[in-house]
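Dropping the structures in below, format is structure tokens.
One chain, chain A, appears in both complexes that follow, with chain B as partner in the first and chain C in the second.
And then the complex of A and B:
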């Protein structure tokens, strides 16, 4: 193993972490403010990716498809919020899990109906093609750097939005006391719709960005949705800061774990065993991480203590 | 007179009669469907014990279903190939005897439920949902990346396990075994739910402080219920693998956990027979709409959403309400 490889894997983990942050930021805000478990967040991710792929097929422009990804996801998100999700805010967790589970079935099957079962592909634009020298002698994919950059911008934007703006004050107030802020004259249902739209847009954008590296297919949203849930639970539900730190943690642990564990095991057992056992343990690593953190801190790293 | 009891008896008797008629008119596919309904309902009855009566929303019961399935699959395939499964402390070749397979399934699923329960019951609410999901995902990814037993593809077990020399490969005989299990499980759960233990369990969903103040340790009650629940769902997994003669990681997938919750919801939450009605409806729905369009899950999604939003109480609840009018 060389240092270059390790640095590359580290950057991959970072890139993955930033994408997970786009997913988990929306999820944690929606849960923190509206108290809603939204399993359908992965569907919005998928919808973003598919609208990007469709736009790309028509106009052959990466930038246009990026625009389409978050706007379509936001529109679908707002429509779903106004028609269905809105009725769930006062329901218990079980109802929320069920309805949003049903939304996954609905959207997955609908997208399969429209686009078929075959994966679609998005091309990286000319500008971001190839790799670039990041340190002396170490090259890294321009596109993945671009993803890290986008993730960073959105993180800064979200921290600014939550910390410094009027809307952010309302969001934070909403996390503490919903009745009080509506009594103070904030139109809570508009705030909810807006917040759900923002979450949906971020998920859709993540879908298009990841869809370009991997493929765009039905069911792409669920694995990443579960990771996003692991993240918000580790970070503490409702905390953007927690989501950010946990995203990077999970991104790095997952990527480096899958890479390093087989390599470490090679020193004690034969390579093929090390590979299979290592990858099995590597894929379980983040769930083990989550279990340990929950045992030590049952409400996550930055979560409010249960009363 | 429509009462919960009557609905339950009618559904049990009709399933039994449909199976007999299907055998008489030589419709083996229908018998397989009925066995599937029964197996799914056993799994959901297990989940209903903690979800319906203890309000513990486990989103990871596929872990027990899948473990039960893998345990019986592994025992069966070793027996079939006469391969050594363990060599210490004694030689063991796996087994093709149903009783031994069930015993092992129950043992390992209870053990897993104990482990998962001890950790997850420390949390509550959404954290509980997520940590149970995480445990199931852990097993799922382990099954996918562990190459010895088929990895992502799973493996076939060729023949069903044998019980007292009954020819289990004959559909109707296997159906009787499943039906017998269903009766046992229904009997046990109704006894549990109405026992002092069941009352304590039902009390934990309302007010933990009160439960503690009358001298009951809610953690212990919930843990015992969780272990029982895991064992019951594990038996269903065992039967399911025997039915299909195929083991795959999809048994452990989170969609499976979601479907168990859906069975309970459609039938009626917190009712002993709810999962049976729900599973029957689900399988019938799948068959009916699946024959028209491969995109039947769109309609399933719509049905679930409308049930939750407009028809709380599921099918049994709906029928009872209709009766009152």
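And then the complex of A and C:
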């Protein structure tokens, strides 16, 4: 194994972390502030990817399709919040799970009905195609660097939004005491609609960005959802900072684990066994990490302490 | 008065028709993947099968969606056997699901005709007289890919496949025929969509070629990311990542890639020409190899029904075994463990106008059977 390979895998881990952050940022906002378990987050991710692919097929422009992805997802999110989600805030978590699970089934069937069951085409623009030399001798995909870049922008945007704006103050206040903030004259239902829209837009944007190098197909959101929940639980529910740190941690642990464990095992057993045992352990690693963190910090890295 | 006669008449008719049904009809239970990831494969198998049996009034088909989940497939199979009372089961795409369903079904005296999954366990020691695979034994296309790698002169190949029964069969099959060195061997997670880690390892491995088996959406992700990474090492694979259903999604990244298949749209025989044009007329898209497998399964079933009743198990089994139908693959017969003996071709991805598709460039393996015939005692 060479140093170049190790550095490249480290970059891959970082990049995977930013990917995870894009997926989980919206979910942690919605879950943390509104107390809503939104299983349909993966569906919004899928809607983002499909609207991007449809726009791409029509206009053949990657940038337009990115724009379409988060605006469509935001519109769908706002409509869903106004018609369905709104009725769930005062219900218990089981009701929320049931309704948002129904939304998954509904959106999957709807998308299949509109677009068919076959994967759609979405490709990187010429500008981001290929790879560039980041350090001497280390080449890295331009598109993956672009994902890191967008992840950073979103992170800065969210820190600014939550920490420095009026809206952010309301969001943080709402997180602490829902009744008090509405008693102080803040229109909480408008705030929630807006917040759900932002969460949906982030999911949609992630769907388009990631769908571009993976496959745009029905059901692409469900595997993502599990990872996103792992991230927000590790990071502490509702904390953007927690989600950010947890994403990078999980990204690095998963990538380097998947790569290093089989390599270490090869020294004690034959390559074929090392590979199958190693990849099995590698895919468990995220959950082991989650268990350890929850034992040490039961509310996650940056979660509110239970009183 | 009229009303009463009408009523009696319809009741009589009802009984008559159901009595007739009991006598001649054959009930097929199809369990396949119709929703979520990988649904394109199941839909192609279903559409191909239904195209073959659409003219036959004596076949009743019950179709259910397994969602690619083994537990759901098992529940559906139980329901179909116990309450629907089907005679023949078919449809499963994924080998892990087939392993969960097939042994129990054939032990309960049902026939199982596999339109896709052909795990080695069901070809060797676990073979059964009521289990027929109409597609291939899992290793087959990969064996041809190994042979093709030899004849192209590849000496140092990097191989990868998902960590599930068909993935293991794939790498085993490739290694059985490939004579060169392995630059690396990786099992990925089933359903994995990001391959940055593996691609970095390929780049660092000094391989002269890459062999991969990543069916469905996994292959789309891999090919796009591979093309995008700027690595120039040629890839070889089985047809699953280059089949008609996903070529559009992979895009030009697939152009020129050699892949191995038992079927191709341009195979020159009467049955195939009819199949390709019928399929396009019926569904408005080009058929994939999965569709051809579904179609052949349907044709095999019809040919067996013409010879024997399903109630006479011995005779029906013999009728299936003789495989007396016009396959889209031309020559088709069963080996002693009920898997096809057939030619496997090397295809190349080309562009016909704006549509990406495949054309045959050579015959990879002729009259190819499978490596597990001797292990099967039936």
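Throughout what follows, the second predicted complex is superposed on the first by the 307 of 307 C-alpha atoms of A that agree within 3 Å, B and C clash if a C-alpha of one lies under 4 Å from a C-alpha of the other, contacts with A are read in each partner's own complex, and residues count from 1 in each chain.
Everything that follows uses one rule, which is that contacts are C-beta pairs under 8 Å (C-beta built on N, C-alpha and C of every residue); 3 or more make two chains touch, one makes a residue touch a chain.
Since this is a predicted model, take the numbers as computed values, not measurements.
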item: Superposition on chain A - do chain B and chain C clash or fit; value: clash
item: Which of chain B and chain C A:160 touches, first, second, both or neither; value: neither
item: Contacts of A:135 with chain B and chain C, given as first, second, both or neither; value: neither
item: Touching partner for A:283 - first (chain B), second (chain C), both, neither; value: both
item: Partner chain(s) touched by A:299 [first = chain B, second = chain C, both, neither]; value: first
item: Which of chain B and chain C A:108 touches, first, second, both or neither; value: both
item: Touching partner for A:59 - first (chain B), second (chain C), both, neither; value: neither
item: Touched partner set for A:9, first chain B, second chain C, both or neither; value: second
item: A:149 touches, of chain B and chain C: first, second, both or neither?; value: neither
item: Touched partner set for A:222, first chain B, second chain C, both or neither; value: both
item: Clashing chain B stretch [against chain C; choices 97-105, 223-231 or 241-249]; value: 241-249
item: Those residues of chain A which chain B touches in one complex and chain C touches in the other; value: 108-109, 112, 222, 276, 279-280, 282-283
item: Parts of chain A lying in touch with chain B, wherever the complex brings them together; value: 31, 37, 84, 87, 91, 93-95, 97-99, 101-110, 112-113, 222, 226, 229-230, 233, 237, 276, 279-280, 282-284, 287-288, 290-291, 294-295, 298-300, 306
item: Residues on chain A engaged by chain C in the complex (per definition of touch); value: 1-2, 4-5, 8-9, 12, 15-16, 19, 108-109, 112, 117-121, 123-124, 129-131, 139, 141, 143-144, 212-220, 222-223, 255, 258-259, 262, 271-272, 275-276, 279-280, 282-283
item: For the chain C and chain A complex, residues of the former touching the latter; value: 34-37, 39-40, 43, 163, 168, 185-189, 191, 193-194, 196-197, 200-201, 203-204, 216-218, 220-221, 224-225, 228-230, 245-246, 248-251
item: Contact set on chain B toward chain A in their complex; value: 51, 57, 59, 119, 122-127, 129-131, 133-135, 137-138, 141-142, 144-147, 254, 258, 261-262, 265, 269, 295-298, 300-305, 308-309
